[in-house]
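Below you'll find a set of structures to go through.
Across the two complexes that follow, chain A remains constant while its partner is chain B and subsequently chain C.
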Partner chain A sequence: MSEAARTRLNYAGVAIALAFLILAPLEFHRYGIYILSQWAVMTIAAIGLNLTLGYAGQVSLAQGAFVGIGAYCAAILTTQGWPLIAAIALALVLCFVIGWLLGYPALRVQHHYLAFVTLAFSTLAFLVFRNESWLTNGTEGIDGVPRPTVLGLSTTPHLYYYYFCLFMLALVTLATLGLVRSPWGRAFIALRENPLRALSLGVDTRRYILMAFAIGSALGGLAGALYAPLVGLVEPPAFTLTLSLNLLMMVIVGGSGYFLGPFLGGLVAVLLPEWLRVVDNYYLILYALLVMGLLIYSPTGLIGIVDRFLVDRRTRAASAARAAASASIERP
Partner chain B sequence: MTAVLEVSDIKKRFGGIHAVDGVSFEVREGEILGIIGPNGCGKSTLFNCILGQLQPSEGEVKLDGRVTTGMRPCDINKLGVSRTFQLLQIFPKLSVRENLILAAQEHKGTMMSRLFGPRDAGLNGAADQMIAFFKLTHLADELAGGLSYGQQKLLDAAMAFMAGPRLVLLDEPAGGVNLTMLGNLRDRLKAFNEERGATFVVIEHNMDFVMSLCTRVLVLAEGKVLAEGLPAEVRANPAVIEAYLGH
Partner chain C sequence: MANFVALLIAGLATGALYALVAVGFTLLWQTSQTINFAQGEFVMLPAFFMLAAMHAGLPFWAAILVGLALSVAILGFAFKRLLVDPMLRHGVLPLAIATMALSTFLKESVKTFYSAEASPFPSIAPDAYLHLFGLSVSWQNIVVLGVAIAAVVALQFLLQRTRTGRQMQAAAQNPTVARILGVPVERMILYTFLINGALVALASLLISPIYLAKFSNGDTLGLAAFIAAIVGGFNQIRGAIVGGLLLGIVDNLSAAYISTQYRGAIPLCLLIVIILFRPNGLLGRAEERTV
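Coming up: the complex of A and B.
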């Protein structure tokens, strides 16, 4: 496939996906729209984790905690009469700073040690959500989180709030695409692939690691700030380690380090459990089996399967071209 | 002639092992200094101490008269000193071109300009030149991980030259490279030295390679300098023959 053909195919794919995301909900029930909104929100959080983990190679089990911080920002501020946009700004800044600080342990420890450090942070955040009642209203949580008015239009109807979330997802997608395609994206990958060599080539690995944590966490915070008005009730159990693990699974099932990974992983994590509801109590078991099967077949996730298919085709095309070339040499 | 690199009395201990035990030498502008010595005599450790991968237990390193001991490798690299490692160190999931762009992108602009500026940081042309120089043109857009060992070794060396360094430290550049490729590599290094005035320090076990490339040779044994001189002198030195060359 030529470069131009591939670009055209990409554009076509994006157009179809976008058309689906915009038009499909018009036919959906309220619940369907709600589920799709959840996909959009959690995909933003997964995109953030994919930057930290997939691109920069820094293991984090704390993304759910950042979603929680963002959600509490939104719940606390908007129930006090602040606009959601202010809460979003606060969530971004706060999670950026906390994410930056959480990056410091990563300068000293890696892999499973880093997983434990971020896991401890995740637990800490949960304890703060549950125990600091003066701020978070403790186990009761904060109810009645209002939805924003955008361009004079109330987003209280599910459909309108869905479009708002979709718009935010589009913004995040474009910004992240710009980031991973910039020299920063290359530096992140270098950090993941070979930090020793990167450092010897002038890559300030310390600064990039902190940035990878800060930006990834800020996106977690943004997702949280969108999540609060979506569900209306913000309470501690939503932001336990389970959420972090779910986000981690989205990234890995989709394809860690691939740009489209979180989008697909998000689909699997949000939609599959809904579809599997028909099998009732067995759905978690079935879900777990499906995920295990996928990762055994393709450790690089869903995108990995697509990628392998494309590479196969390219290799076959190349060997066909070579065969044709040698045949024309033999026949003078 | 000025000394680009001055190493004074570097020592590095690992527990009870004196890996480097008081090594001093100078490298002058435009020189190609070879470092030879038996396995485990401290050559790679010496490089790591010079470039900040390891902190020496004692001693001092100066680049252009400036003390660099204690500086981080990325900051030392930005002073115009680059290196290769004994074991191949490339980025397998990046293309050959991307490997080369990465090798120089941090030397240009600021963090902000690298975030909002062009994707190739303005280095595409330079990368293409380097790719052509190392005769890798047909592989420019292949993933580096898919190259043969020898090709990866060339890429590894090419990366060290991307940012236009004044001083390059190469740890066994010829290891695992076939004879044709070896001649090729030697010619590339010589060309860099002559055309761009780059200074080299080369660790190498391949004596033909050392003798035909280097202008001066330093012999290490058990963490100490055993001998130093022109290639021919060193080869004739009885102590060196005893400790390293054999026969």
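Coming up: the complex of A and C.
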């Protein structure tokens, strides 16, 4: 396949996926649209984590906490009468700053120690959500988070809010695509692949590590700010370590470090359990088995399967071409 | 003061349990870079093996043996062969995620196929208090401490004094050189999984009478083991023991004297300080980096 043909194929794939995302909900019932909106929101958070973990190689178990911070920002501000856009701005800035600060331990410790520090942060954030009632209304949570009005249109119907989330996801996708293709994205990958070498080549690893955390966390905050109006109720149990681990799973199962990974991982983490509900009580058991099976079959995630398939085809095409070439040499 | 000592002993007993679980966790990491997020569920499960064996009519001691054997076979052998082996070469994270899925699988299976309720579990310790120097200490805590210490000492003896133990250490420290020197590295890795299976069965036997046997028992325990292992240094068995004991004591004391609301967070914050000042854990060695 030539370069141009592959680009055309990519565009076709994106167009089909986009058409599906825009048209499919028209046929869905309310709950289906709700779940699809949840997919869009969680994918934004996973894209953020994929930047931190997949591209820059910094393990974080705190992405769920940032989603929580964003959600509380939105819940507190919008129930006080502020517009959602203000809440989104605050969530982005707040999570960016906290993410930046959380990056400091990462300058000192790596891998499982970093996992531990972020895990502790996650636990602490949950306890603050639960215990600081004056701000977060404690265990009861904040109910009745209003949906925003966009372009003069109320997004109270699930379908309209879904399109709003999809639009935000598209914005995030384009921005991230720009980021990973810029020198910044290359610097992130250099950090992941070989921090010492990156440092010796003049990459300011310190700044990029902090940036990787800050940007990834800000996207988590954005996802949270979109999550609050979607669900309507913001309460502490939604943002425990389980959410962070789930987001981590989305990134790994989709394909860590691949741009499309979080989108596919989101399918597995958000939609697959819903599809499996046909088997009733057994759905979580079946779900866990499927995830294990997938990882055993392809440890690089869903993208890994596609990748392996493409590489296989390319090698076969190349060896066929080689065989043809050598045959034509033998018989001039 | 008496209260403080009682809390300290209770903390030590909890910590000894954490240590037991954390030692297994560390062993798996050392030999095969497995971060087992299902370790908590591994401790939850053997109690149900034992309960099922007792339902089948076996006496308690026989049920314990059956539980131990099943635990070694399933949580040791089958876990390694079916889940760890195929993923070993592909880095730490996919395997860690797979063990997370495994933990969900085990938890939900017990909930669905056994019971969602907590089941009472017989204790190997008498239900009484020991009165000593004006202190009353429950036999439960004493037995937990005693058994955990005995298990750890036995393990240390195995690792330090026997030929197999030394081979296991060699396989953990430098698999390539160990292989050249004729150590059957694969078998040594398998041994650590079997030992882990036995350790979690023991922990299950000790902890289930206290918390009752319930499918969700593993949640806090797995996390505690993970934290204890990290604080202790991850690549040191002694570290896991110190980390476990420290976590148990700090947890109990901070809940009593500082704040119950932030019970979960105080040990974590203290331990973060330790991590930041000693980035390789309390007793850890720096792991080599390849450039």
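As a working rule, the second predicted complex is superposed on the first by the 332 of 332 C-alpha atoms of A that agree within 3 Å, B and C clash if a C-alpha of one lies under 4 Å from a C-alpha of the other, contacts with A are read in each partner's own complex, and residues count from 1 in each chain.
Just so we're on the same page, a contact is a pair of C-beta atoms (placed from the backbone, for glycine too) under 8 Å apart; a residue touches a chain by one contact, two chains touch by 3 or more.
Quick caveat: nothing in here was measured; it's all calculated off a predicted structure.
In the overlay built on the shared chain, the residue A:152 is in contact with neither chain B nor chain C.
Chain A has more of its residues touched by C than by the other of chain B and chain C. By the touch criterion defined above, A:205 reaches chain B but does not reach chain C. Within the superposed three-chain model, A:295 lies in touch with chain C and out of touch with chain B [touch as defined at top]. In the superposition on chain A, A:183 makes contact with chain B only, not with chain C.
In the superposition on chain A, contact is made by A:194 with both chain B and chain C. Taken together, the two structures place residues 194, 196-197 of chain A in contact with chain B in one case and with chain C in the other. Here chain A touches chain C in the complex through residues 59, 105, 108-109, 111-113, 115-117, 119-120, 123-124, 127, 131, 194, 196-197, 241, 245, 248-249, 252-253, 256, 281-282, 284-285, 287-289, 291-292, 295-296, 299-301, going by the rule given at the top. Remark: chain C residues 35, 37, 83, 86-87, 90-95, 97-98, 100-102, 104-105, 108-109, 112, 223, 226-227, 230-231, 234, 261-262, 264-265, 268-269, 271-272, 275-276, 279-281, 289, 291 touch chain A in the complex. Those residues of chain B lying in contact with chain A across their complex are 51, 53, 72-74, 77-78, 82-83, 85, 89-94, 98, 101-107, 111, 114-117, 119, 121, 159, 163.
Against chain B, the residues of chain A that register as touching in their complex are 179, 181-184, 186-187, 189-190, 193-194, 196-207.
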